[in-house]
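Below, chain A partners chain B and then partners chain C, in two separate complexes.
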Partner chain A sequence: MMKKNTDVLIIGAGLSGLMAAAKAADSGKKVLLVAKGMGALGLSSGCIDLWGYSLDHPEEICQDPVQEIIKMVAAQKDHPYAKVWDVLEESLSFFQQICSQNGLAYEVAEKGNWLLPTALGTVRPTYLAPAGMAARELPRAKNILVMGFQGLKDFYPEVLTTNLKNNMNLPADCQLTTLMLDLGKIELSPNNLAYLLEKDEVLQRLVSQIKPHLAEEMVILMPPVLGERGHTKVLLNLVESLGVQVYEVTNIPPSLPGQRLQQALLHHLKKQSVEIILGCTVIGTTVLGEHCTEVLAEGSGKNLTIAAKSIILATGSFLGGGMEAQPGKVIETVFHLPIKVLDEKWSAKEFLSLEGHPFSKFGIEVNNHLQPVNSQGEVVIKNIRVIGANLAGANYPIEKCGNGVALATGYKAGKLVGEV
Partner chain B sequence: MTQGDRVALDNCIKCSICVSHCPVARVTDKFAGPKQNGPDLERFRLEEPAAVHPSIGYCSNCKTCDVVCPSGVSISVMNCKAKGEYVSLHGAPLRDKLLCRVEMMGKMSRLAPSLVNVLGGIKPLRILGEMVMGVSSKMTLPQYAPKTFLQLYKPQSLANCKGKVLYYPGCYVNYNNPEVGLALVKVLNHHNIEVMVDQFECCGLPIIANGFLDVAKGHAERNIQKLKKYAAEGYQIITTCPSCNLTLGRDYHELFDLDTSEYSVMDAFEYLDQLLEQGELKTDFCNVSLKLGYHQPCHLKAAGSGVPSLAILQRIPGLQVQDLDAGCCGLSGSYGFKKEKYPISQEIGQNITRAVQEMAVDQVITECGMCQLQIFHLTHQEVIHPIQILARAYKL
Partner chain C sequence: MTTDRAQVVVIGGGATGTGILRDLALRGISGILVEQGDLAHGTSSRFHGLLHSGARYAVKDKEAARECIEENMILRKIAPNCVEETGGLFVQLKEDDPSYTDKWISSCAQAGIPTEEVEIGELRRTYPVLSPDIVRAFRVPDCAVDGFRVLWSNVNSARQYGGQVLTYHKLIGIKQSNGKICGVEVANQLTGEHKYIECQLVINAAGAWAGEVAAMAGLEVNVIKDKGTLVAYNHRLTNQVVNRLRPPGDGDIFVPHGTITILGTTSITVDEPSCSKPGQQEVLDLIKIGSEMIPELQNFRMIRAFAGVRPLYQAGNGAVGRAVTRNFALLDHQQQDGLNGLVSIVGGKFTTFRLMAEKTVDMAAQKLGVDAPSRTAEEPLTNPISKEILERGKKVFGVAGAKKAADRLGDNFVKVLEEAEKEPHKCKVFCECEAVSLAEIDFVARDGDSFTLGDIRRKTRLGMGTCQGTFCSYRTLGALSSYDWTRNHKEFLTKFLQKRWKGIRPVMWGQQMREAQLSTAIYCTLFGMERMK
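Up next is the complex of A and B:
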């Protein structure tokens, strides 16, 4: 059987796993990352949400998410942020730094959260936005032109404009118009379209279709398809040709901004000589005393044993396959670590309840070093760190903190194993 | 539909991760993508085999879909079987029947390898070949070596034998690029490891990829018999070709349900990595001052071994190896030689051209012979196998 030996083994290729790998490699460790498949980061919006709404007035978008988190962790000691607030700002700057080194700039708003339009015309509070989404001029725009593409599913300009009028504080005289662009395709996938737009001649066809509709102080909103990679080149070419600001809006998966972020981080890891094996599932573990000495992984019809000094668990929650629900109990699939399950009902009666569902908070409890603990607070396995959606205590869909928690916990785990 | 089929299909949660990573669907709308051709249409095909869609012919069998699927769905198996079903229902052009027989072409070229190479370079002949047969006149043809690997290979008697391997060279190393096999033999003999070779058949991958599953199954059955015999005699089976590795090690079982449990296959560098782990890899490296770009073949990714050459090449003084990280090269064996698929294959390969330019590397290395050919075609730079670099570092 094949054997591998490494300083740090990371299980999972989502945002938390990639961040942990980046920070551990940055500390000079030999890092191996294995994952069942390509992580769900490619399905995400590509924005980094830290905290969405006010603690005191849950219906209001919070102005300063960092302050809100500091206020929140004082009260909620079991929230994942309570374990990592000390490195939150440093993790964000590390993230911005490695992204920009790999051609993907992220921007912060003038104050606190960005309010960015979604494809449905709702407003999304988010902390870090890719430069191509950071629509600074939008609240002051006199003219907003929303463009879609013939053949591209899941983006309808009229839906966006109709809802945006109600959801965003736009100037009273702001004109919203729509335009369908035609590349002569009956069906377009976002990836195929992004690939086509990397070609200058295709982009120029768009420019000639858009030009007759330009107006004074116009802002153009488009689906997130402007280029496959760091996207800056396609976007800048378009802005230069049109002479107005153009922004992408967030859309449902599969959408490019999440994929671009995933690509940039994977690219960074490869440059740092991190070895990555996808299609590889951890199916067994050897735990001696309080240490996991090696794991058994299966992939492509063969087995692999991996010995590691430190292991970082980043397998995600129910959707990622890191946790499985069975009648009456929830199990963590790799190490069978203790899961904190709330005693009352697992789900709320109302599907879209504003309080969210209790099952979102299920997960593994950890100490301040992100080591898994049991209900008595004792460390279960010392050389494991648990990060991202594996952690107990966060209500991601309601709090809008998923990527923020993933980023900060991943960073901290990578930093801690770098010191081992 | 069996319960097993149902479970396999229900594992697909329609997340579209496979579609967003499919190199073919990215550049053309002729391929409906792995999800639609795979699990979506499989529901219909299991009830009615004739429901197979012609778009399946555009699947290049790179197996990226399997690698990226977070739900463990064997998409490429569904697609390979569907292609087989399509070919058995509708037949295949003569071109596909010939192109997939790389072993037969290798044997025929033995009559006069240099003449074959010369003929392959005559433009009017190539244009005729495109018009009559549908073989792209633009794609660089692989060159045949004056002597095959099996002819050139000389068994060494080793005084202090530390291990024994059976080397499966594969058609490309045997007929086109024997230097790779010879470099491997030198490196292993340098470690006092005995190398055994034998007459094997083509692993069958090109035949599978062109949809002739029954023919390929025959190759599989006969190869398995031999592989089992060597494994029982204590030989570790190794390859230098990731596609042969994947076919012998995984496809025989997944596609044909044949028992492959009595032998295991390793990439040559996986074997060397084991020596490294055991502290038995020699480190008498000389300085190799090169900045290399490494291309990871899709089938090596799919074999789930990571980058086996990474740990060893990192130990060679002076050598810098950077991952090109440019995805599929686009050739996919016979795929890129077909007239209608050549443009798709070249479009996919543009990421490689760009990465090689941006990184300004001295040379590109990659394990797969077909990837080597495509990268040479795209960049006009010689591309070699990592084992050749290792042999150079040992001054062999």
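Up next is the complex of A and C:
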């Protein structure tokens, strides 16, 4: 049995866990991060959604997400943002700073929210977008060219253009055209395509196929496949060779933009001397009184005991494996912390209900220090902080706040344990 | 309003209706089948998928049992691509009445159903998943059958002899003059257009809707609507059908289907023939009872629940639920009510659909003065696929994919294969869970009978596996986006996803809760589809 001692143990490698690790390390703490898998970040858009729509008019995009959140938490005290709104802006700057230091620049919109296209041709409001997705010129474009790849079965230019016309306010004279690029492959996955595009000769083959279709003031939209990690490089090469703006749009997983963000953050953590053990599952805990003194973890057949002053729980919700649903109850999988299950009905009748599904809000309740509390509001285990999708009260899919909550709660937890 | 003409109009595109259409066509009688939705959207796709050996009915209903074993043997022969010869087991648990078992053995023998006792030690070794409390077990010739495939095979076969099918056409009137039927009026559910079909005979094979159809002719047919809920597991829990050896009850049959297992069913009388909502409590009840045979049942992953309405028939009133006979009744409304030209076929079960169709068409033929005998028991539903074609298929679709596609497509497999050979990009697998290629999806989309993604699903099994359509529905929209009927993208996807959601909701635990969160994350968080215009 191997033993480890650390100031801060973080369980989970999603956005919240990585942020918490970055901030705790920034405060000078010794940080160990263990995670069962790669987290759900690789399934996400790669953008940071803070808050999408107006509270009073849920169909209208909100133009000042930070103000909207402050207004919202005044009424909804049990929303995760209510515990972290005070650090929201500094958490955003911290995030932008560490991402850009690691080669992944994030941009803010002219107005509060970007309105960025998806592969379905819908438009999603988001607060921070990687430079390769931040389609600044799109609302004024005279020509939009949507490009797909023969062999890539998850992206269809016609679907994007058909719906973009209905979903985005485009100039009346805007021309939408499509083009299928051919790399001579029958089947391509987003990851192997991204790998191929990092090769200059492949990129130049693309350029020669695109050039005959270029027009004035054109914006090109593509599936998010422009490079695995050297994202900016592939994009810049393409923009330079074509002389027009090129952007990636959000698509179904696997999501390269989400994976790139994860890689950039992991890279940052390594530089900060954070120890990271992936493929490592916490299988037992020792709780004495109101403190967790030790956890038992298992990775590649070996057991490991970890003693930590502070523990940050970032194992996610059902998808990430942090919670498990059984008939009539929900279990938090590591510490069996109390889970708030709000409704008798866990899901709405309509899959695409504008109210969302009650199960989205299931999670652990915390105090302002992000410590888990029971239904009487008493702290359950004092040296644990709970962050991200583990938290109760957010209706992520409808409010469009998932990555924002992860980022702000992760940051605050990292900051709090830095002060311990 | 356009007018069509046929000797016979068949109401209802279930197993019985399509069986009747085929039998008519094979006897040279012109027929048009009218179905309000897609084929099999009613009871014929909402059952266990069990091709009964008859053993379940042997004690109580010897006639039904005898019919089952005969039809079971016929269907294996004429439709091998629709039937998986799994074999079945009947297991007696400690708490079950041993004298019932003795009665059951002799009843099976009397009905002509072979049974063979299995040594318990051997059973444990083969299926450690089964309860250690099983004291006796018997092999019977149960099979798994694909309802969708049987129905489309019936129709394809009927078409070769001139049979016609109108799906998405709802019956809105039955016209009669001087006590004789002269035609029906139907409304196209997709375009709203009306059509008049002139005919000599109407056959009411509307299953749970048979009472509603009879009422349009001013008659009464008393169909008991008995809802049964079933659960689909994401695994093949056993390789054989497993039945509980006791008087038929809820939740006592497991049927393996391809990669999944179906557990059922419950029995509740409902008012509406369209009541196919599976209840969460019914699911919990099923798991509880099913756990008696498979103790670890709650640890296996469920994919969805679904429900169907059994149209049970009892002349006169009295019995309900499981007490009602599974026999069918053929009603000659001329004899019964003095209305010439209307026949109702009610009750029965999927396993005996062909026999029901044969008896019905015997009556129809006699009325029409046709003396050709039924040929449906001899003529195969689809022609067998040659070894050479299957070998070519393996090169294109892979070994497992080719076999599945060949079974699904029957006579059409060779056409799909040729297209995929010509256009290799169509070999791409769009539905990984069920190994459905773009070539197959594209073929079905163009066959003239597909109007929704659900129609494609029923013909190909697309979206019926683990992910319940989360990935393949979006891909299929993309690949088919040049077709007219996909024009409204939002509607095309929403309708399909909503139908899948209906089945996921009652089993939203464990892995399926993760799946629900993933599909919500994709369609709401990534695509913002809840606010799509």
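We take it that the second predicted complex is superposed on the first by the 417 of 420 C-alpha atoms of A that agree within 3 Å, B and C clash if a C-alpha of one lies under 4 Å from a C-alpha of the other, contacts with A are read in each partner's own complex, and residues count from 1 in each chain.
We take it that contacts are C-beta pairs under 8 Å (C-beta built on N, C-alpha and C of every residue); 3 or more make two chains touch, one makes a residue touch a chain.
For clarity, every value in this text was computed on a predicted model and none was experimentally measured.
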| With the two structures laid over each other on chain A, which partner does A:Ile283 touch: chain B (first), chain C (second), both, or neither? | neither
| query | Given the touch rule stated above, what does A:Gly299 touch, chain B (first), chain C (second), both, or neither? | reply | first
| message | According to the stated criteria, A:Leu43 is in contact with first (chain B), second (chain C), both, or neither; which is it? | response | both
| request: Could you tell me if A:Ala74 is touching chain B, chain C, both of them or neither one (first, second, both, neither)? | output: neither
| said: Quick check on the superposed pair: does A:Gln150 touch chain B, chain C, both, or neither? Answer first, second, both or neither. | reply: second
| request: On the superposed three-chain arrangement, identify whether chain B or chain C touches more chain A residues. | output: C
| So, A:Glu187: does it touch chain B (first), chain C (second), both, or neither? | both
| message | Just to be sure I read the superposition right, which of the two partners does A:Gln259 touch: chain B = first, chain C = second, or both, or neither? | response | first
| On chain A, positions contacted by chain B and by chain C | 40, 43, 187, 253, 321
| message | List the residues on chain B that touch chain A in their complex, please. | response | 15-17, 19-21, 25-29, 33, 66-72, 246, 249-250, 253-254, 260, 264, 266, 270, 273-274, 277, 301-307, 310, 314, 322-323, 325
| query | Of all residues in chain C, which touch chain A in the complex? | reply | 284, 287, 298, 424-425, 427-428, 430, 438, 471, 474-475, 477-479, 481-482, 489-490, 494, 497-498, 500-501, 505, 508-510, 513-514, 516-533
| remark: So, in the complex, the side of chain A touching chain B is made of residues 2-5, 32, 35-40, 42-43, 185, 187-192, 195, 228, 253-254, 259, 266-267, 270-271, 273, 275-281, 299-302, 304, 320-321
| said: Residue numbers of chain A touching chain C in their complex, please. | reply: 40, 43-45, 49, 52-53, 59, 118-125, 150-151, 153-156, 158-159, 162-163, 166-167, 186-187, 250-253, 255, 317-319, 321, 324-327, 346-347, 349-354, 356-357, 359-360, 396-398, 400, 402
